[in-house]
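Note that the chains take the letters A, B, C, D and E in the order they are written out, and that residue 1 is the start of every chain.
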């Protein structure tokens, strides 16, 4: 198990290194200035607008996702004793 | 031209016996005597047709009967009856007829009677077809069919392991020769194709006239074999001769012939004495123009023929089996015939005449010898000479006819006159030709061979006569004379053996001279003109008396030796003729040829190669294929363990995979 | 005119489908026999309406199938395929008769598979589109796989896998070559097509010599492995030996390797990058197979295994004749296929009869069977003699044509092949002598001769062997016409 | 201004920690927690990018992703409960009747 | 207002799922069998709607949903699988108390796959992906009394969760570099991603995410366990359906969005394709559980399909897309046949009950259930690529495209693999037909028979007359190029 841990650690280290190299090696396009005071302007409204207009399809799908996982979770978690 | 009617009947000669074969094969069992009457009638008809044609040709010199039908591809089936074929046809159908008649009695009561007659009918058909074929391929086909019949008939009593083994041996040994023959045909075909520049419509590639017309070009083609420039014609003719060696039991492929005596005696008489074994001689005679143009091949034939004549004779004198003695005698006589042909380099095309003359005469007296032997065996029930003796008393006709045959074989007659057995004229002609050859080329070896062989011939045949017919019975047997249906053929043959040679001596040769002299063969080989200048017919009688008498002297000497030893029994051969004497043992064991062939060739070399090929190569190839399968399963068994069943491992694999894939892709895209 | 080519596939297939649903042995065999007779009738109809003086395709049909890939369902018959169809159509009815009285489980499947196989093999022969060709090519595997596995000998599983996978690999390699040909031609002409004749005709214009070599070699590999010849024969002895008699005969009738050689490889051969080299290699493989098969057969103890190796030896002639590349040598190779089918059918039927009669195939355990099985002995003799190339029987004609005319181009290899003739005679006679002649081996108990149906079916085939040995023209002429067409494509080769 | 790369580095680290957890822990609950960590590090990335590119898609995505993570956890725990009922333990490395 | 008619198939499936859920509550276990037929009808309706919608194109919901030939083709695939699975499940869920849950989940999973096929935005794609995943997690563990089923579900879930995290991580980088989640927009703003090292990282992370569904080595580890452990009908759905979801997502994302990074992912897919098909086939050789064997065979098939990415010619894409449909029939049918055998073994209580899909339990199937054996034979021969089956045609197009593109070596590897696969398929046939049965003959229940015949018909029709399917596949491929 110890060896496994070591191995896992090395693998994760490798992965981290790769992602880091990728992330650090990229000159990201960023806005020049972040808003100074985030509290000033809320983007909740924007997000809400997006969700209910542009992303209405994912939203609908998400509802079904929740329903599906609900059914699945209930079914699986339910004991069979009450039958 | 010969009348069309005759032409149309020519193809019936082999076809009637073939038909007889079919009828006998399917219905023979339901007929009396195995349906023997069908082949007898058919062969009689064939004989009549042959005889009529022969007489016709005799009356109209220079004419041939020739028919060709397309067979397949550029090859044909056809009939060519020239003097050479005509005499062979007549002889074959005649002897075959007599032997069939004889066999009715000889084979009576045998459960396989119908099979016997079917097979001999087939044999006769094939042999006749061989003789009258107008192309080399048909000849080869018939050649193989007679071989098949020989195989079937040797193994006629297949329940006997020795018969089955002998049949196999005969087939295989002759097969070696056949392959050479076939190779010759193949090389010839390909050469002709090249020379003719492809196929021409309307001509059949392998017809003899077609082949002969290309002889000059063929002899001009050369190939380099092991550093020697060899003419293609020489190669082809030697290969043909290879076939003849197998079929005609020449050294070194003669081993099958003595064993072939496992078959019924009638078969030995018909196939292994009179007809089939002479097919080799006939082949060489048939294609003689090619041989004439290839003198090297003729030399080989002469030496090998002469040697075989002598060599077989040496073994003949120690055999105790009645039929085996005759078998070795056959080999020896075939050697004479080959020798006669080989002397063509001295006497030209006339060699065909003298050889064929001996062939025909030999057919009569050898068939007679065998039938007499058969008669003895049939009556007495044993064929070991040591158990016989005094048979003359119970079988006078057989004894008389056999003695005549023996005289013919030994070649008794009075030189310089026309008095003598048929063997005397034909064998003397060959010996004289050998003498001419010696004078011509100063090479006396063939002559020496032929004289020595003549001595041995006389010894062994009279040893046989004396041991069988004179003295006291050496075992308890109950003999009786054979019925008339057997003795009549004996008598007929005896007459022929006695007088045929004397009657036809010059006529025969003249007749055969026409074979290649007519327009059908266009031989314009200038260089060959010199070869035929020693004409034996002219030379006959012009040699010194010694030369004329020498064959007769050695024959009488042989008779005397046999008389002293086996009739008077003055000299006891005890220690000499025992296995302790190495020479005797060598001879008795037939020069260990059987052992050499089976142990050395079939088992040693061939078996070694096979063992190598089969076990090593096949196993290697097979294990490569199987190995891939086994390897895959093995790898699979190991590789499946990657799937440990532990989720953590799975996750590790995913991450490791992602990391490595990124690195790999990065590396490769950087490098490319 | 009937659409014979399609019917020849459909009729056996339909009968096969119905046969699968029969209940009793008699129904199954009878129906299958009817089906095979119908096929025979159709074949004879085709044969009688066939013009053997032209190399052109006859009974041609073509329907669009997959336009996207240019694949069509096109079928037709010419002188290359006609004799092989004939062979199949002739032997199958007698095969069914032969096995009529044998007891076996699931007779409906047995006979159904025979007919399916027939349909598939004929399908290969009539196909003129690579796609159709390949489909039938592969379909021939399945009935045989089932055949060996259900009714085969002891090691049937191993044998059937080996055969199935080995030849499947070879087929796939061939498929790869077909792809190469297809795309190279597509690139060349701008039109996709799988038409065999068109692609073969296009072959010479394609790409570099190397590409053409690669295409040629990968396609011919499929054929050589199916034929098979040395060194691709490993599957053969096992499969032939373990198969039931009918299966062995079906294997024998599976002449698709040689057919592909004539139909596809030979016309391509002169246009490969190194035609001389190819011819040499093929000729060598052919000649070596002849010798090798004979030598290995000599050592076999199992009768069927011996016959299997002898079949390998015979197939060497097909390759040698093809490599000889003279019209008559190619015809000889074609005729060898035809004659081999007939001869080997008899031989395997004999071996099967011996096995059912005595319970063993080991030659040394037999002996003197001729006494107990006289009919079999006669028929077997015909087969064995034909197999060893005795003149007057079909085998000789084929071998003579191959040897005599291949000699023009490949003298050395022909001489090599000639060496095998004596060996061939040797093992045939040895087997015959040990099995049939000599003293009867009493250990075998009371053995009965083959039944009358078996006699009849074997006798008919034996008579055909004799008939075609004397008169090969009914099939040989069309072969010659077509091989002349093949060879004439090739004047450039300079042979 | 905090450079974007700090967020990215943090997210990468969090992700790696989650990964390490999944790879080494035996306990099912801990593993699911580690997966949540990974999902959240991705969310962190999304939000950071959203801010720094001045687009809202990322934040919307993050919201969806959180919802999905919740559902995922629900299903995961349900399966885990079923396993617990059966084996009375949730050590996932002992679940290896299916292997090879 | 959007024209919802374009989404009619999805709506039909979703509605059917909801209706089943609703009315299932009020039904007794006995009458619940009707639900299966209802689901089948719903799927069939959706299938008809999909086929009728062929040829229409639309983008909806602000460009997040794209209805085109590609999505329609894959909807066809998913609905076909769903149809087969629903049909077969009628028997599986017979007399079960949880029929409605089962069918709802099946339908929702199908819905998720269908939405993935038409999603044109990463957010939708991810959500739909997860929908299909969550529904199938629960389905995989549906036999909660069966340790195998739960174990399979757990492994599936764990690796699925890790993979979705990886995918999300990858998407985040793509989003970061391009500033958008919309697939067409990404393609426009790709420059930074294409030039930076993060591009490769993102690509491989996405490959890992999709590769989990496609079951490409080394992201496949869950697949054999989950396929083996799950109820066979669910295995059928997983292997024949949700696997294809990975492919359609990958088609859209890599070819449409990340076209600029083609060298990177093309190379990655080449490696994965070769490794996957080889690993799958080699390991399948030594399997004794038929479902596990089919799982490995499924890996191999995924490897073949992945060749489409490696070759990347129109022909290859056509072949790959065609292959997905072909594989849906073959593998879907094969798992249903396995389901039939498992049903037989468990009801007859004969044979190896521990591993009901053990190869030994297939002994003499040709005699015990002739139809199932025959169909199974067709499926495995199709998987092996024997002609007259869909598998052959698919391989012809796909492998030949590799030759066309000059990647002959890839075709050779694929072909050798294909030959190797014959080994284990033939072994299965041998067990079914050539070994003696252990037990008596029993009738095949109608649902299984119907599903098997449906799949067989699909396999044979695609093999005999592939032209229309090839045309559709080609239309779909045109969307990508």
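Just so we're on the same page, contacts are C-beta pairs under 8 Å (C-beta built on N, C-alpha and C of every residue); 3 or more make two chains touch, one makes a residue touch a chain.
Since the model is a prediction, treat every value here as computed from it, not as a measurement.
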item	value
Intersection of the contact lists for subunit A and subunit B	D, E
Touch-connected components when subunit A is not counted	one piece
Chain ID, smallest distance between chain and overall C-alpha centroids	C
A-E against B-D, pair bridged by the larger set of C-beta contacts	A-E
Chain centre separation (subunit B, subunit E; CA means) in Å	77
CA centroid of subunit D to CA centroid of subunit E, Å	26
CA centroid of subunit C to CA centroid of subunit E, Å	42
Distance between the centres, which are taken as Cα means, of subunit C and subunit A, whole angstrom	65
Numbers and ranges of subunit D residues touching at least 2 other chains	8, 15, 19, 22-24, 31, 52-53, 57, 60, 64, 68, 71-72, 75, 78-79, 82, 85, 92, 95-99
Overlap residues in subunit B, where contacts from two or more other chains coincide	629, 640, 643, 645, 647-648, 651-652, 655-656, 658, 662
Numbers and ranges of subunit E residues touching at least 2 other chains	123, 126-127, 130, 134, 137-138, 141, 144-145, 154-155, 158, 162, 166, 173, 176, 179, 197, 200-201, 224-225, 420, 423
Contacting chain pairs - touch in the sense defined above	A-B, A-D, A-E, B-C, B-D, B-E, C-E, D-E
Complex contact set, residues of subunit E against subunit C	381, 386-388, 392, 396-397, 399-400, 403-404, 408, 411-412, 415-416, 418-420, 422-423, 426-427, 429-430, 433-434, 465-467, 470-471, 474
Complex contact set, residues of subunit E against subunit A	14, 21, 60-62, 64-65, 97-98, 101, 104-105, 108-109, 111-112, 115, 119, 121, 123-124, 126-128, 130-131, 134-135, 137-139, 141-142, 144-145, 173, 176-177, 179, 192, 196-198, 200-202
Touching residues (chain side subunit E, partner subunit D) in the complex	122-123, 126-127, 130, 134, 137-138, 141, 144-145, 147-148, 150-155, 157-158, 161-162, 164-166, 168-169, 171-173, 175-176, 179-181, 224-225, 228-229
Residue ranges of subunit C in contact with subunit E within the complex	65-69, 131, 134-139, 141-142, 145-146, 149-150, 156-157, 160-161, 164-165, 168-169, 172-173, 175-176, 179-180, 182-183, 186
Residue numbers on subunit B that touch subunit A, as the complex places them	648, 652, 655-656, 658-659, 662-663
